[in-house]
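Each in structure tokens, the structures are laid out below.
Next come two complexes, and both contain chain A; in the first it sits with chain B, in the second with chain C.
Presenting the complex of A and B:
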């Protein structure tokens, strides 16, 4: 597979460069794009955040750098082992594996950061090296996928196989869609709504592929959404809680996150947020709670965020500020179990 | 009148022997375990003094045998001058007899200690002291002596010639003593004696088996001390009167110059001018009032130089450092010294060694070892001036704390040590000694701080290098795996170069 070949040769190049400097009796150095917030630039073309031109040098002769230098080279060698063995590892697994090699991480946050360093250094997403986060989103819908992972190559899976939905893991992300009756993707924040949509056969009614986001979705989920959107030409609708945090889930799906600004192919720029908006809270008279300090602070931050510079998004922020209230997706239940399916969604999805 | 004579019968004077026996705890013979320690100590001090007198490296052997429960026999032998035969009975069996009253540093002070041990042995076991001695010109002679306590006179039980291998003295005393409880003190005492007298060799034999043999860390014999003339600050009325009586018909000016140290013709002239007394006045014509005025003027006059140090025998930098190093094997040590200066006309020097990592407990205050005129002091440390000054210093300021075990060895040497009691265990607090001891401790503290900082840095550097070396090896190994080359490149040269040039973060 060419992706795997590309990853392996990137790792080999990295190793060769280091070995050569040591052989020349020079301390090896590595150059990475700076990941500080000052180096985040919004790219109009790809409509996502990308890293700017600032570079940082990781110098092995610097006593302050040597630890992270060693960690980075180890993560690279670990990724290579995963690739060669056709295995995957969770970020947590990777953190614990380090001990066996005599490499020390203070905590998982540090090892996660080092994985991001490797992504920046090679320009390849960690999923390509077989490294995934622990948490998984789920998917359900009338699509058949064909696996490419070792041992399952060529086997098909119907995404309606399980009434609980199928977890989005490494195997599914690398699988190819082969057959589909779906006409749209409906990504929802909470597990409760996801189940409700499956049980009420809403997926049939809307011809929707349902995706459970579970808060800010893992990158694999965003990647799969993007794949299905591109390959099957499906529009994406995002349905979240009615608060700044829910709104931002939708925004990250379309414009990308600051943390993954160095990775391409994760965003779906034309994904549409269908709510719950501040407007919806009053329009559907949803049970609501007042915004707390954290919510208000988040609104302030978002109002200055370049991803919210459009007047539509400034309006959403203004509406929340005026209403001073928030509501969860489940709030629709006050109008009856199926209200959200029968009434709300049809009005939002065109 | 009748009344008077009957009263007279009750007020009888007692002999010094009787007095000291009644007050034996004052001299360090208060209980059986202290008695063993004090007997050893008195005999050992005399032995080393005798060897130094003979300009010989002391070889002192202490044997203690428990004859039966509660009765021990202590024998101390040396290779010193030996005691002239005529002097033996008085030296060992007459309290307060001796030649130790001149103004120079000696271990023994009053001529009291050994006789106190003899007295204690005689009373508790009814045994005589056995003294075998030989001077350089004679063959050996052995005495058995008792003290006539009431009259403070020696009683000679036997006196016969006895062969001995070379000059020296061997004294045997039987006494009521607790060997088990005094054992460790005796050991510590002898060990510390080799610290304060690094040229001496000490051996301890208990019940026939050799328990310890150590010393001679330093070959140099201390320079002999010279008795010096009295210091003007010590000129109390009594001393002045005695000196005047010895001098006779001399002018006051000449009298001062001849009788006192630090009194040259110029100083004497200036002093008498300051007092406005005629320098040509003949001393034995001075009135009581004149003498009294002269005495107080001499004692308070501060236009004098430092006192004469030739009467003192400090251990000295090289010897002190060597002995502490040999006995305690510290990781680092430093020496300091103050003086000579004087208290009431008595010259003194305080010197000390601070040592890191001597196996002492780490604490906020260093462990203190006290010495007075080369004698280790083991008891009553709490009341001692040196202990008090040690506690007065803020050691945390000098980096001494819970992680660094530090020991301090302080030696006070003086023509007279102001002991608090005849047991000679703690030194009284005099402002002059307090001041010098405190300054010395602070000086040692400053040196310690420098050493500790250096230590810390080198340990830190070594650790940094180890960590860095390990990290570079890992980098080489992992990158070799990535590059798929079989040979892991060597990083040793790189690491070496980095730390060689004194690279600092």
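Presenting the complex of A and C:
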């Protein structure tokens, strides 16, 4: 597996550099990109956040650095063990494992940050080291994937196999698409809509790969969407609740998040948000609720966010502010059980 | 599908009774078991909570009852539509759909309660009407299930098919086990441990069906565990975090919850909690944290709970109080990546 080779050799390079310093009787140091907001740059060309040129040094000769230096080296060695044993680990598991080696983290937040440090240092996402969060999205559609994980190498799975959908876990993220009848990807926020689209055979009607996001999806989900988009040439449509939070799910899929600015390959720049827009709430007479203070505050933040600088997004924000209301995806149920499939989606997916 | 027939005929009986009252020029009334704490009875024989004899009347001639009467009749009619169309619905979806019919619920909590009313009235669980929550557990193991849902009738799925596990959704809950090499069910609280058990092929070593509970599992998960236990004659082992909350997950699997006292078939009375017990924390030298106030308060509640009246459970509570510490399942990582599989589980599963 070339990805595994790449990850292992990045870890080996890291280890070799440290050992060489010691052999040269120097204190090893590590240099990684700064992740402070001051070093976040919006790259107009790739339409996503990237890290700027600021650098942070972890110097083992500095008493104040020695703890974070050690933590980082330990995380790298844990990642190497995972790769060599063909295991995956949750972030939580990694945190607990540290104690076995006398490496101390104050809490899981600290070990999570150290994992991010390793990503920055190597330029490789933690998923490629076998480290995943516990949350999972689901997927369903007419695509066959070929597994690469140990014990399943070369085995194919048809993504319509389980009518409940398949979880996007470590095995599916590292699988390769080998066959497809799909023409587009339809990513939806809620599990109820995901189930309805499966049951009504909307996946067949729209030739769609369905993805259940469940709020802001795990990075693995965004990574798989991007891969299916690139490898199978599938346009991506994102269908969320009609509120600032739903809109932002779509925006993060297109332009990335500040937290993952150091990782490439997670965004699908031409993913399209198909609603629920403020305009849809009026047009389809959807049952709606007033925007609350948190919603309004979020709209203010988004209006100043560089990812919303295009006029189309400023318009969406303006429309919500004018309407002062929000609606969930399920609101289409007002017009009947299958309305969203029979009417709304065909109108929105060109 | 005989279950579907049973559900439909219960709804038909309900509708017929209402229509007959009207034909007789009487105001229709509905009588259902009371669900207040005063009507909760612990049944020593079945070792679970059941409802007592108290009854609640919904009288359509009473202005104060007319709203809840109408809501209940609407939920019944929605359930009938779902069954006839072969659809499922999330509880959230049901809530939003009500607006289409001018039926008002103050919030989803109210529509959820009305669904529970329908369960009490008919004695049938909402899953049999196609109504599910959005949360899903996962399953993995050497069992083949045969689907009964529309579009998948008669199709078999091998539960080792996806190395990420399969979601326990509407389709799997209504499927029938047709083949099995499994000798036991091992239900685990955390996703990290679930993945580790798959990757290390612990399912093969223990001939185990693995279930990821993820905290207190959805009812559908408990229902499937009970069915696999009964149909395949599999003992159930529950492996949770070592704290009052983990212990109670195991206890609810055995003895049921107060909230579902009106539903039978969810409990597996002989399911066994294999830890993490307070004793294990000491015995395996697990990294642990002090119990906090919420944990201690929970221990006090459980010590008075009828489901903990056996001395074995009082002992578990006493041990936690004496040790004053708790540990997560992942704490076994202290002793190495596969320790939980190589050492702990073999010692615990006889």
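Note that the second predicted complex is superposed on the first by the 347 of 350 C-alpha atoms of A that agree within 3 Å, B and C clash if a C-alpha of one lies under 4 Å from a C-alpha of the other, contacts with A are read in each partner's own complex, and residues count from 1 in each chain.
Just so we're on the same page, contacts are C-beta pairs under 8 Å (C-beta built on N, C-alpha and C of every residue); 3 or more make two chains touch, one makes a residue touch a chain.
It should be emphasised that the depicted structure is a prediction, and the values quoted were computed from it without experimental measurement.
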Checklist entry - Which of the two partners, first being chain B and second being chain C, lies in contact with A:45: first, second, both, or neither? => result neither
Checklist entry - Which partner does A:199 reach: the first (chain B), the second (chain C), both, or neither? => result second
Next on the checklist: Quick check on the superposed pair: does A:23 touch chain B, chain C, both, or neither? Answer first, second, both or neither.
Outcome noted: first
Next on the checklist: Which partner chains sit in contact with A:172 here, chain B, chain C, both or neither? Use first/second/both/neither.
Outcome noted: second
Item to check | Which superposed partner A:107 touches (first chain B, second chain C, both, neither) | outcome: neither
Next on the checklist: As a test of reading the superposition: which chain, chain B or chain C, is in touch with more residues of chain A?
Outcome noted: C
Checklist entry - Does chain B (first) or chain C (second) touch A:153, or do both, or does neither? => result neither
Item to check | chain A contact footprint on chain B (complex, rising order) | outcome: 464, 468, 470-472, 474-476, 478-485, 489-491, 493-494, 498, 505
Checklist outcome for this item: In their shared complex, chain A is touched by residues of chain C numbered 81-82, 85-90, 92-93, 95-97, 99-100, 132, 134, 136, 138, 147, 149-152, 157, 161-172, 190-192, 195-196, 199-201, 287, 328, 330-331, 333-337
Checklist entry - Quick one: in the complex, what on chain A touches chain B? => result 11-12, 14-16, 18-19, 22-23, 25-28, 60-64, 66-67, 69-70, 73-74, 76-77, 80, 101-103
